[in-house]
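Next, two complexes with chain A in common: one pairs it with chain B, the other with chain C.
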Partner chain A sequence: MFGEKAVSLVKELHRCPPEQLHPVNEDLMRQVFAEMTALFEANKSDIEVNDDNKMIPSIHLRHSALEHNRRCVLAYLKQRLNKITQFRWDHGAVLPEEIQVNMQEHEKQWFNKYNKSLANYMLSLNGLDITQNTVPPKSLKIQVRCLQDYGELETDSGDIIMLTVNSEHYLPLSECEHLIKQGVLQHMGS
Partner chain B sequence: MDLSLDDTANDDEYEQLTAAQVLERLEESWVNERLSPYLLETQQEVVDCLLEQCQTVEDNFSQASSFAVGIHQLEIQAVSKNSEPRATQRIKYMVTDYVRTRLKKIEKHTEYALEEELVKDDQSVPHLSPAEFVYAREFHRNTRDHLTEMALKHMPSAFQNLDKQKSMSVPNLNTFIFFKVKEDVNDVQVDPRETPVDLSKDEIHISKYLPIAPLLEQTKIKLV
Partner chain C sequence: MIVNDILEFYRDICGERVLILVSTTVDGLCAWKILQSLLHMDNVQYTLIPVDGKSHLESAFRTHSDQNTVIVLIDCGGNINVSEELEPLPDSQVYVLDSHIPYDLDNIYDGDVVKVVIPESFDLEVPRYEDIYEEDSENEDEPNRKRRREEEEEEEDSLLPRKERWKRKREELLFTYYELSGYNLSVSLMIFELAWKMSKDNSQYLWWAIIGVTDQYLNCKIGRDQYVTTCGTVQQHVQRLNNHSDSTSVNQMKIKYSNELRLDLYRHWSLMESLKHSSYTASRFRIWTSKGKKKLNEFLADMGLPLLQCNQTFQSMDMEIRREVCGWIEVTAQKYGLDDISYGSFELQYGFKNKYCAGDVLQAVSAALTCPTLDTEAAFLRAQDTLNRSNEKLIHTGIEQSKALCCSLLNQVQAFIDMKQVVCTGPFVYAVIQEGVAELEVFAHPSRLLRLCRYLSEAYCATTRKAAVLPFIIASALPLDPEYSCIVGVPPLSVDSNKSYLGRAFHQAADKVNASVEFEDFEPSVMQIKSEDKAKFFDALTALLMT
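Let's turn to the complex of A and B:
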């Protein structure tokens, strides 16, 4: 039936857990495009051959199927971008390897441009990093445990702290928020 | 600080606000922005002003007690409660969450936002700040290029162009919101089929967003 492949594209995305990104199903996308081309050609020949109104219903049907297919494909791609956007806010400008491998070449380009726009915007706010400060601050400093050997961290006050596995620190939230997101540090007592 | 929101229509162009008032204004705008279905007027001046203050307070933290110097035209007697870094953290959170909420809305309704901005004449106040406008335009172009490259280009020729009106994500301006009246307003036409209502101060109402949006812009009401 028309449009079934396009729907399965959308379904596939729906099944993908929110913190993951599956590779683009280019094969299925190609099949949808092929279906669209076939439908379009069929419509074209119907219009050319018949000048009475007999074929209008079938042309309408195919036209709806075409629009339906386009809508599904675009929704599929746009939703992927939305996900990538979310990853940008969660993980910072450099995405984890496991996400990057599943990004399509164009998506990577899109991501780079998105990064640039976002950086430009933040520059207009005197370089305020708006991807930080995502939770209302309850206290100035928080207790964190280090989950991996990260090396040295220089705080805003100029002190240098060694982050080694299982070491515990009492740090200003603003300075370790991005490390918590990256999974280097763990907020204790939360 | 120059807080004249509308240079052409407003006679009292220069408003002087204390730090506490600026903060209050941001707080209100922030709550409004979080609760409204679509972007409100930009409060860029407030954001800039507060960021500048946070920066100054952080820089001066060691000598916080002597922080009574005016920044721009601000009178900073109320700054004492801001002069600890914890307070600046809170302000920063509010500021970032405010701009973040706006950016998310822009990303969601990019085309709509750009259209809205284009149909506005010079007299009316823009909803987007210049930086937000650039962001929206870039985001829109970037996404459109991506979709063209990935999909539209492979489709039959008649399907390569998107009908703006159909593909645009339009915010639901008819959604219901709660609001509190800040000052008395008479004869508000909430529904064209009903008689206008009078709103008096401190009342709380529920209404569709669209009819009361102008009142919100005039800060006669606030969302709760």
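Let's turn to the complex of A and C:
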């Protein structure tokens, strides 16, 4: 049946977990393209050979199958780009290796362009990083527990805080975020 | 300097970065939990360091005090000279919230740096300033000199004795002031009342305060009278909070006043085990003798409680029995001379399956707090998590640990009595946990040793009546450092007040024989002594208490 392969292409994308990106299924794409070429050729020959109207229904059928395939392929590619956009917001300007290897050359180019325009936009906002704090935080300060002897931490306000093992602190989120990522502090949900 | 208004204390710490040092007691922990929530509400940045002894307090203070101008000491620091021992910077403020009395007089009368927070309701018997401190020489000498010049040398003779008299009186006053050590109002209740005065109180805070108060009572830090009065205050808060909340959700915390049996953890254990291991029943029945076991069985038979049911976990007992058994025990206990087997306490319920009584939670928390396998800070943080409502698992771990502790306590007491290791010297009774005993590790924490000591005194007095008027002392080698031993003491059973003169006596005896001792703990009747000085120390203590 026409269009089945194109649908399986979309389904495959749907099965892919949101935090991953599978490589482009070129094989299946080629098959879809081949089907589309075949449909196009069949329509063309039908038009050229018979100029009466009795072939019009079959031409219509083939044409809508063709359109359907085109939509599926475009949706497939567009959805991949959407995912890559999301990765930019989640992971920052440099994507992890396992995502990059599955990106195609033109996708990488697109990603670079997207990066650039995002950076330009943020620059126009006096360098505000709009990818941070997309959800309003519940409180500006959080309760953290210190897991190792880290030493002194200088805060933005100029205060110095000694971080010793097994002490507990209540600090502004912005100041201890990187320490939580490093594993020095542990965030305690209250 | 004394701060009477606790609101003033809170106003001062808001808006600054606060350094908080909390002693590792259940009361201190509960107080901290309440204060922590308040600080979160007001967005106050803080640093918390749990401390377990004086030297630990000092080192933590040194490391962290440079960066903070406001420092709060919770349940510690009242009975040490803060400005001398901790040397706070002159522009800093040190607030002391402590339940240990007597307070060091220097904390009360010294400058503006150290502020002791004492609610007005507590009447503090402190000697007057003029009686303790010598007047500043400049202010006082001027008129003296003038007078001297006027009245010449006749006055000289009478001046000296006056000073002498003042000195003697001062010594006497100081002696009576520092002689007895004890506890006043629980710190957690104090902080709860702070929350109440700011209209920020809720059932959760009240529950924490109740655990703090229960800790004071069950660990004999306050006497029965004081406990009953405090319970009255708490009861008012309970009623007010229950009235205010009109929501009928099951998940809401509901606190209820109830009569509680002096049986450890029986809701989470079997009735038989609990009766066997609780200090109150074990010592009254003398459970370590075969006669005692028989008597316990007789007691159960008297109630008409089948053994099959008693040996089951409490939760699996028949519904009817479970509902009625507390009343039966109370009635039957009177026949067996266990008059005060119950005391007024509180229980908490939320959700369909969570029901805890204050005593059980207290045991779970204190087991986590004194856990021998964790270091102090980690144990404190673990205990802090145990108090959170969402951590049922930790409560149950705590309860299991606490059961193990109850078994160890009974075994150790039984060993003491069976092996006749309890020695009566005349003015006091003592026992020594021998080195190399497996239980040594279990009793590493001074508060566990204190509990053992109370258990032993109850058990020993059940057989030897006249020992009830004598204080009990236990010595045990420190498992980490066998060179040193830990010595703890509890006041005599028959004395109603919970004030103890042992801390003072320990000091004097150690001074007399020049033993190398350390008073690490905030509780004065706990001390560390070099093991070789132990015999010498006991001799001196005997001589001292004889007089």
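Convention: the second predicted complex is superposed on the first by the 139 of 190 C-alpha atoms of A that agree within 3 Å, B and C clash if a C-alpha of one lies under 4 Å from a C-alpha of the other, contacts with A are read in each partner's own complex, and residues count from 1 in each chain.
Keep this in mind: contacts are C-beta pairs under 8 Å (C-beta built on N, C-alpha and C of every residue); 3 or more make two chains touch, one makes a residue touch a chain.
Computed from a predicted model, the values in this text were never measured in an experiment.
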Between chain B and chain C, whom does A:Ser64 touch in the aligned arrangement: first, second, both, or neither? neither
Applying the document's definition of touch, where does A:Leu140 land relative to chain B and chain C: first, second, both, or neither? both
With both structures placed on chain A, which of the two partners, chain B or chain C, ends up touching more residues of chain A? B
Which holds for A:Asn120: it touches chain B only (first), chain C only (second), both, or neither? first
Just checking: does A:Gln20 make contact with chain B only, chain C only, both, or neither of them? Give me first, second, both or neither. neither
Could you look at A:Val165 and tell me whether it touches chain B, chain C, both or neither (first, second, both, neither)? second
In chain A, both chain B and chain C touch residues 139-140
Which of the residues in chain A come into contact with chain C in the complex? 139-141, 143, 145, 159-162, 164-172, 190
Complex contacts: residues of chain C adjacent to chain A: 17, 39-40, 43-50, 63-64, 66-67, 375, 377-378, 380-381
Could you list, by residue number, the parts of chain B that touch chain A in their complex? 47-48, 51-52, 55, 85-86, 89-90, 92-93, 95-97, 99-100, 103, 107, 129-132, 134-135, 138-139, 142-143, 145-147, 149-152, 154-156, 158-159, 162, 167
In the complex formed with chain B, which residues of chain A make contact? 24, 29-30, 33, 36-37, 40, 66-67, 70, 73-74, 77-78, 81, 85, 104, 106-107, 109-110, 113-114, 116-118, 120-121, 124-126, 128-130, 132-137, 139-140, 173-174
